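Next, two complexes with chain A in common: one pairs it with chain B, the other with chain C.
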Partner chain A sequence: MKPSLWQAVKLVFVKEFTVGMRFKAAWAAMFMFALTTLACVSLALQGGVLEPRLAAALLWIIIFFASMAGADRVFADEDTAGTLLALRLYGGAQPVLWGKMLYTFFLLLVLTIFITPLFLLLIGAEMAAAGAFVLALLLGVAGLAAAGTLLAALVTGAQVKSGLFSVLMLPIILPVFLPAIFLTAASLGAGEVPVGFLGGMALYDGILAVGASVLFDYLWYED
Partner chain B sequence: MVTITFTGVSQCFHGRQIFGPLEARLSGGKITAVTGQNGSGKSTFLKLAGHLLLPSSGSVLVADDGVELHKDALRQRLAMVTPELRFYDRLTARENMDFLLGMRGMTLDEGEYRDLLERVGLVEAAVAHSYVGEFSTGMRQRLKMAVLLASGADIWLLDEPGANLDEAGRDLLAAEMRQAAARGVLMAIATNDTREEALADETISLAGG
Partner chain C sequence: MGMILGGLTLVIAGLVFFVVPPAEGLGYYVRIAFFHIPVAWVAVIAFCVSAFQGARYLRAHDLSADVKSAAAAQLGFIFVILATVSGAIFSKLTWGAYWNWDPRQTTIFVLLLIYGAYLTLRGAMPAGHKRARAAAVYSLFSFLTVPFLVFIIPRLYFSLHPSPVLNGTGLAMDSLMLAVLLAALLDVTGIFYWLHKKQTEKLLQEERL
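Let's turn to the complex of A and B:
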């Protein structure tokens, strides 16, 4: 009897969360990177205020590289621990993909919720459009999670996983990354908020998620 | 009845031919031993049989009453015990089983779980609060057997299943294999153990090269 997709996705998510909480390597790597960069920014600014465009770029650079430290592990950890065979035998392609994508989204969302208020406080930013700011963060993180999960699966068999992951990630995520920076900058007071970018980001996130879903079957099954 | 048919199958790794071309047919209710020297491709044969690897040439057809099984339909009926199969070290035996079986839509209540552990010679009290990473190699092998038995699969691909088991464990394994074959389970065992080989109804010998 096959479980429903949602039940199986929940199982994968809960498994990822439980293992993640007990191992903590991905969480520690991401949060340590974020804390270190935030501390560097704080020390460099010495109480000064950052221009909104620069602040937006800096915030997304921190989120992007912090996510690189953790998001590439979703399949690499299974490979290293030797559990990939068990997962392939018992788990269907779609539940595994969506469960891991959901977990990566959750992980990056927690990271973003941790980084953003600290960052805004440190640079003394004033919020001009909070709604657009939050939506840009959500859509940007969703894009990172979708692209990150697929690429993590793609590079699992490669010899130089981390290097390849980062190299491939940037061009794929750029169509989400750039509008996210513009929207964040506008939300912090650099001109009018380009609301249309939100639709574009949502559309690209959808394409990434659907593309990942279609491609993943070919990675998961040999026939 | 489930069958696995190898037609003209050859397997190469890095330009070196491991075996083939090979013709073979495995059927439900029979135990097939796959034998050969180290490196002759026994484990590869099992992966090919389970569609976990594509052959370099030829085809491997898994079918039930002539209807081909693909992807999820095949995986749902497949179980393996192999040295490569590892469970999550930071989950308990119960958590591992709940996750893996749950992915197939199966649940075990407390009684079924206890009975299953007992059947494979694991004491629930001894494993209840331990992560699988703390298990001995023999205990992990018994846990693999427990998952295999609970999976409800009717295609068993076993790679040296008696490895790391004591005498009692090997006897238990042999009894479970005979019972499963009697129920119609298709079974392939990659082995060089004469006792396991003696259980088989037929043998495929991989010469290598």
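Let's turn to the complex of A and C:
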């Protein structure tokens, strides 16, 4: 019996999670990268107070580059291990994309949950609007996962991978990145929270996910 | 065609330097606008051409569409650099700073990043259908940022740029200025079309070798 799309997505997610737990290198690299960057920022500040806008920008820079250290592995590891062909044979494009996107979202969400409280603690930030802050983080991470999954598939055939993922990612993620910084800054006390940006981010996340879904077929089914 | 475009360019340059009067508030600095606006326009047109040809490749698997997409991106990259540099000079002369992340500066910078990323991706992959597919997908995926660049960015930042000059509400332009600007737009678009044809031929020749 052919499984439904949701069941197939779930299977891909479980496979990704199991492999991720077995080979923890991607997780470790991402978390250690985030921690190292955070430590650098905190050490450089030496207890100095950060303006909310600067704090928001730093937080998102840490999240962005830390996610680049892990999210780009989602297809590359399978390519290196030689399992991508098997997945191509047995998995349809859409279950693979959505399963991997869901896993990337989960991965980045855990990273964000790990890094954000530490960041707030170390810089001594005061929260003015926690709800908007959490929503901005969720929507920002969703955008990173949606764009990151397609771009990770895109770079599997590249001969030079180092840095390429970030180069491709930044212009596409800016529509999520910039409002997220504005919202985070406002949540940390830099003026009124521009609630409309949340709708804009959600809309753009949706566009990215649908765009990735449409375009992934062309990458998955080769001639 | 090259001769006609060269002649037209000389005529427009003559008009800009010897006939067009100084603009209110900008003086003779307005001359930069006759270069800056057309190259910025073509930078955006090239982006659309690249995405369109990318979509054509994905539909038909025709490598010549991929070559046209690449040629448009290569030229677009040059035009976007010209637009960025001329805009920065204009900004320094009129507003006192080379760069202040004005919405249109942000838009053109994002475009510069997209072109750079697209060309880096192409450079990192061996020629063939796999590269063509990846480049086309990236070109179309990055095209999703257009609504954001046009509608959202202007709401995020304060702008020093005048409103669009062609609807009569922005720069105080008399009819002569507007006519010269339209001619410059036409001329630079023609130059892009001509260069695109030449570059496509060159790239196709390289692909055959």
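In this section, the second predicted complex is superposed on the first by the 221 of 223 C-alpha atoms of A that agree within 3 Å, B and C clash if a C-alpha of one lies under 4 Å from a C-alpha of the other, contacts with A are read in each partner's own complex, and residues count from 1 in each chain.
Going forward, a contact is a pair of C-beta atoms (placed from the backbone, for glycine too) under 8 Å apart; a residue touches a chain by one contact, two chains touch by 3 or more.
This structure is a prediction, so every number in the text was calculated from the model and none was measured.
In the superposed model, A:23 lies in contact with chain B only, and not with chain C. Of the two partner chains, neither chain B nor chain C is touched by A:109.
In the superposition on chain A, A:85 makes contact with chain B only, while chain C stays out of contact range. Once the two complexes are overlaid on the shared chain, A:15 sits against chain B while remaining clear of chain C.
Once chain A of one complex is fitted onto chain A of the other, the partner contacts of A:57 are absent, as it touches neither chain B nor chain C.
Within the superposed three-chain model, A:122 lies out of touch with both chain B and chain C [touch as defined at top]. By the touch criterion defined above, A:35 reaches neither chain B nor chain C.
With both structures placed on the common chain, the touch criterion links A:167 to chain C but leaves chain B unconnected. Taken together, the two complexes place residues 222-223 of chain A in contact with chain B and also with chain C. Those residues of chain B that touch chain A in the complex are listed here as 50-54, 70-72, 74-76, 78-80, 82, 84-91, 95, 99-106, 131, 151.
Of all the residues in chain A, the ones that touch chain C in their complex are 147, 150-151, 154-155, 157-161, 164, 167-168, 170-172, 174-175, 178-179, 182, 200, 204, 207-208, 211-212, 215, 218-219, 222-223. Contact residues on chain A toward chain B in their complex (touch as defined above): 1-3, 7-8, 11-12, 14-15, 18-19, 22-23, 81-83, 85-86, 88-93, 95, 217, 221-223.
Put simply, chain C touches chain A in their complex at residues 58, 61, 110, 113-114, 116-117, 120-121, 123-126, 129-131, 133-134, 136-138, 140-142, 144-145, 148-149, 152-153, 156.
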